[in-house]
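Labels run A, B, C and D following the written order; every chain starts at residue 1.
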Amino acid sequence: MTKVAIAGASGYSGEELVRLLLRHPEVEITAVTSRQYAGKTCAEVFPKFAHLEAARRIPFILPDAEELARLAEYVFLALPHGVAAELAVPLLEKGCRVLDLSADFRLRSAATYLEFYGKEHPAPELLSQAIYGQPENYRAQLKDAKLVACAGCYPTSILVPLIPLIKAGVIEPEGIIADSLSGVSGAGRKADMPFIYCECNESARPYGIPKHRHLSEIEQELSLAAGRQILMQFTPHLIPLNRGILTTFYITPSRRVTDAKTAAECSQELYRTYQDAYGEESFIRIYGDEGLPDTKNTLMSNVVEIGWKVDPRTGRIILLSAIDNLTRGASGQAIQCFNLMAGYPETTGLL
Amino acid sequence: MTKVAIAGASGYSGEELVRLLLRHPEVEITAVTSRQYAGKTCAEVFPKFAHLEAARRIPFILPDAEELARLAEYVFLALPHGVAAELAVPLLEKGCRVLDLSADFRLRSAATYLEFYGKEHPAPELLSQAIYGQPENYRAQLKDAKLVACAGCYPTSILVPLIPLIKAGVIEPEGIIADSLSGVSGAGRKADMPFIYCECNESARPYGIPKHRHLSEIEQELSLAAGRQILMQFTPHLIPLNRGILTTFYITPSRRVTDAKTAAECSQELYRTYQDAYGEESFIRIYGDEGLPDTKNTLMSNVVEIGWKVDPRTGRIILLSAIDNLTRGASGQAIQCFNLMAGYPETTGLL
Amino acid sequence: MTKVAIAGASGYSGEELVRLLLRHPEVEITAVTSRQYAGKTCAEVFPKFAHLEAARRIPFILPDAEELARLAEYVFLALPHGVAAELAVPLLEKGCRVLDLSADFRLRSAATYLEFYGKEHPAPELLSQAIYGQPENYRAQLKDAKLVACAGCYPTSILVPLIPLIKAGVIEPEGIIADSLSGVSGAGRKADMPFIYCECNESARPYGIPKHRHLSEIEQELSLAAGRQILMQFTPHLIPLNRGILTTFYITPSRRVTDAKTAAECSQELYRTYQDAYGEESFIRIYGDEGLPDTKNTLMSNVVEIGWKVDPRTGRIILLSAIDNLTRGASGQAIQCFNLMAGYPETTGLL
Amino acid sequence: MTKVAIAGASGYSGEELVRLLLRHPEVEITAVTSRQYAGKTCAEVFPKFAHLEAARRIPFILPDAEELARLAEYVFLALPHGVAAELAVPLLEKGCRVLDLSADFRLRSAATYLEFYGKEHPAPELLSQAIYGQPENYRAQLKDAKLVACAGCYPTSILVPLIPLIKAGVIEPEGIIADSLSGVSGAGRKADMPFIYCECNESARPYGIPKHRHLSEIEQELSLAAGRQILMQFTPHLIPLNRGILTTFYITPSRRVTDAKTAAECSQELYRTYQDAYGEESFIRIYGDEGLPDTKNTLMSNVVEIGWKVDPRTGRIILLSAIDNLTRGASGQAIQCFNLMAGYPETTGLL
């Protein structure tokens, strides 16, 4: 059994880590942290887990690096950005392997961090050693990673579908539009007015446009895939779901599509590209052009759904992806990274 | 045109007052108050009203009694309890007629206020002159009222159906159970953790039992109707609706019900009693035993729906009511009171 | 009082016509039709309207043209496409003025109807005389119209924002993308599996892509505005709302945007264009780049909300609109057309 | 690996059986049936399971008893009542052990079946051998059962909390009221008008009162527990949840409660009674009087939550329970029964 701890377990992605790791057959959760709940057990804070024997034993403790390093080999950080880096530094020094779910180590450039997050990076020296926590595309590097910067929720819904297409050169990397819809848990467990029930129910609205923070991370990864600097359009919306992100992409294919025949050829090329890239993957569901993603099919699952239509009228690819923002967009994907790091089969605890 | 003002217009019942009074043909809203929004117009704070010419003129001001009294003859208070009384006192002194939507003046006894609200009543000398703002049952007194204590949302859903039955003696006033379901707007526009979207969506839960504050007001009015002290059971629940209260009552009829025939007679007696009490009312919808209330049929309406089944197996009456907690449970009913006070037809602006 | 009838009043847009016309001060609803409910009153079929005296009188009758023509001067058709045309023909012959909410008369070309609706147009001879029911852009023609083809819900959310920009030449009419989110009432009151509660709640999904029927109508009108044939990309999605359409547009401005300064200039040009086109309109809310549309601000209102951001990084305009699909997207807009036809102030019954 | 089949896998409880049994470590699903989907695989019908290797192999077949008996030792029936019995008879004859999730074998009396279900029982000879599928209270008998009549969803939410209290004599078995709120999946995957999204969203309403079919099963079991014939009041409501039942009970304790002290004693007696009955149970969560059930804490879990308040004012116990209607109310509980029958630890596949 590998000993793990979760720092910041009282938020939604922390709670999702608890949910999944309690059922992980190779893991023992030795501690979880929360300033608010220190002294209680996991079962007391989350009645929903109280029937699980382990939950009645796991203590909430204060977020102390020394204590965490004593208790666990792997520490998941489900903390606000900024706060996560402060804890990551001492944890790494003490020899822990760290999986950070915040944005703190996702960017390779401290300047980009400053531009998008509005403050100096708290530990720029670590940026170069962090591995981006997107297993399908960083599998090899993750195995030996000391510090994993788990991919964000929107970035996951965007990068998993786009990277193979860009790498294979079947789409134009420029001019891509990603129009995303997110459930409200994406905003975290925060008592802020825009997120109270009556402000979200029966509401659909955009926010954070045109330059949402996640763009920094998305464009970094797309640029790496394309081999040159890429800009993209990203429009997040809030809709009345608990969980789920649906992203609709508008993309120009590399081969020109002008009619039904070229559209079908383009569609087949997409299908082959995904087969090559993800044909053996356990968590990627390719609908091709015969089905369409739906967030409800990803609920509490680590799967990324991908589907598309090639439009012979406009020549564009309409690509779609669906994920659960808390599972694949945060905690499930983090555990997938952990499995790679710890040498367990990648799907352990996630099926 | 009668000049009115609304103190505390940034909460949900304040906003609902704005929505309704903007369309009231005999009213001019001269000011609304909010510490947070003072200096803006109603249209700026509520984009949803910005296409209405009046909303672009109505200013948000600070809650100053002198200024309010200068601007308006009638002042609606949509403020937290305690705060409402503080403003009501000087407004009354300056000659305004006040419609208070808080709980401050609903109880006749300052001791009961202390018991249920946990602090000394801020203006006990006014309790005796306040008229309870439940028009169907206090119509005569409301006409000349200076201070109206508008009935609460749960109390309205409970008292409107019960009072005629108790007064007519067709039910046992003892032992009544009211099991209520409320939409989340009932908690107000408050950024508190239990009311954020993901804590309410896909959740049904009781709260505030067994002694919710509204019991004080409900039992006061039931006792007045019965002519003796009455206790009742009241169980509020929160369910994922924006608006609406559904109350299910369990009641013992005065005449014994033992079979289908006596059940039918009991049902007819209920029907006659309601016809006598509410047959001429504009806002009471009596389904009898042939239909059942549904909150969605009361959305944004001042109607109280009432239906029932008499159970020949158990001998009980299962009575049901549905209202919109913000319209009939707060602002619509307050305007109905206002119409009475100002001498307008009672339904003005409410159909 | 002008006498009107509603054919097909049992669906959602029919019910919304009833809701609005019951409150219209210049209108008497003399009959509504439904094969299922013929013989009942409006109050019996819709308990929510039963407290309105008129609703207790209005009869549901069979959809007979002769009877409708006898009872009403204006007939609203809230019927499925195909069925609407069959009733429109005899009603027009008998001298009624007809407002059709179906798709039957929206297309000028019977060939396009065949292409998109899969059957021969039932009354092609009427296509040339139908006026497109989008008041802000067809006001003059609507005044004398005998037959109004009310704009569809998605088309309204798309055309109202786009037409002034295209006419003024400030955007490229080619390559526009409209990504729309619709509440479930857009599918009508139909007992189909994809629309039952548990299939829609906690679900976000695209459908009908890449060639939804409404494209025919949208492209027809955009082409008329541009003076040449225009194709566009349209991606509808279903999200868990009762009512509302939010459309996000991706548009290339005519003037090149490369930095913050040119983006600001472009934004000002959009603002001026909308001021010129809609500055005097009662039902168009222009946020400019300082606010963003939200479906909840249009609930049960005839308003179209429009906002935008010009992105200096990508050079694109992100334009957004929000409407209530049943009010502005169907019945409210139909009544706005009716007001024009009947010579009433355009906002009558709609504020 | 034990071979099991599921008849009627296309409904919600069938799908929930598939979800849970795919993850059950001791089970192989060899076939699932559906007239509509025969010939497809489980992965084709339910994309959400397509990433699981087993789902890609499991065939949908026609509901043929011979074939099912050839393929499986245990057959779960997730079919409408009436239809279930028709398949159960030949399956039992061929030696299968049958877990029926319908109401067909829950009643011991064919006359009661006729009274509540309106038709003759299709296989009355089997009623005496069926074991009621409520594991906490029928554990011993379930081990050797050939035919299990899995408890209904409402009955589970009602009987699990009540039976220990009645058996221990700490409450009056007469006069109990159970007021239940159910999510819409309780109505099944049926394309009926009352269950389409817009009829359920923003709606709270009672139905099936005062004599819902589940009363027959509830009263049978309460009467067995009490040792005499018991009647109870049961009021189901539909609220906008996908999953979940919250039941609020109104109960008279056996010992008289008149003040805070006797209320506390009553509460302690309840606590002791539950500890005696369920203290060792894995799936019963007792809040006592310090917490309150919430459906969201039972989502996709086999747990029954129980909490209460004893009201010193009215002398009543307000008891509450929460379950997931599809997991504990149907498929999870059926698997708990199966584990008992097959000799696996009772929690296998359910934690």
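What to note about this one:
Operating definition for what follows: contacts are C-beta pairs under 8 Å (C-beta built on N, C-alpha and C of every residue); 3 or more make two chains touch, one makes a residue touch a chain.
All of these numbers come straight from a predicted model, not from anything done at the bench.
Centroid distances built from C-alpha atoms place D farthest away from chain C.
A count of C-beta contacts for the chain pairs A-C and C-D puts A-C on top.
Note: centroid distance chain A to chain B, computed from Cα atoms, is 46 Å.
Note: centroid distance chain B to chain C, computed from Cα atoms, is 36 Å.
Once the centre of each chain is set as its mean CA position, chain A and chain C turn out to be 39 Å apart. Inter-chain centre distance (chain C to chain D, centres taken as mean C-alpha positions): 46 Å. Listed for chain D are residues 199, 202, 240, 242, 294, 296, 299, each touching two or more other chains. Put simply, chain A touches chain B in their complex at residues 12, 183-185, 189-193, 195-202, 240, 242. Against chain C, the residues of chain A that register as touching in their complex are 175, 177, 179, 181, 199, 202-207, 209-211, 231-233, 235, 237, 239-244, 246, 248, 250, 292-296, 299, 309-311, 313-314, 316, 318, 320, 322. For chain B in complex with chain C, the residues that touch the partner chain are 23, 47-48, 50-52, 202, 282-283, 285, 287, 291, 294, 296-301, 303, 305, 351.
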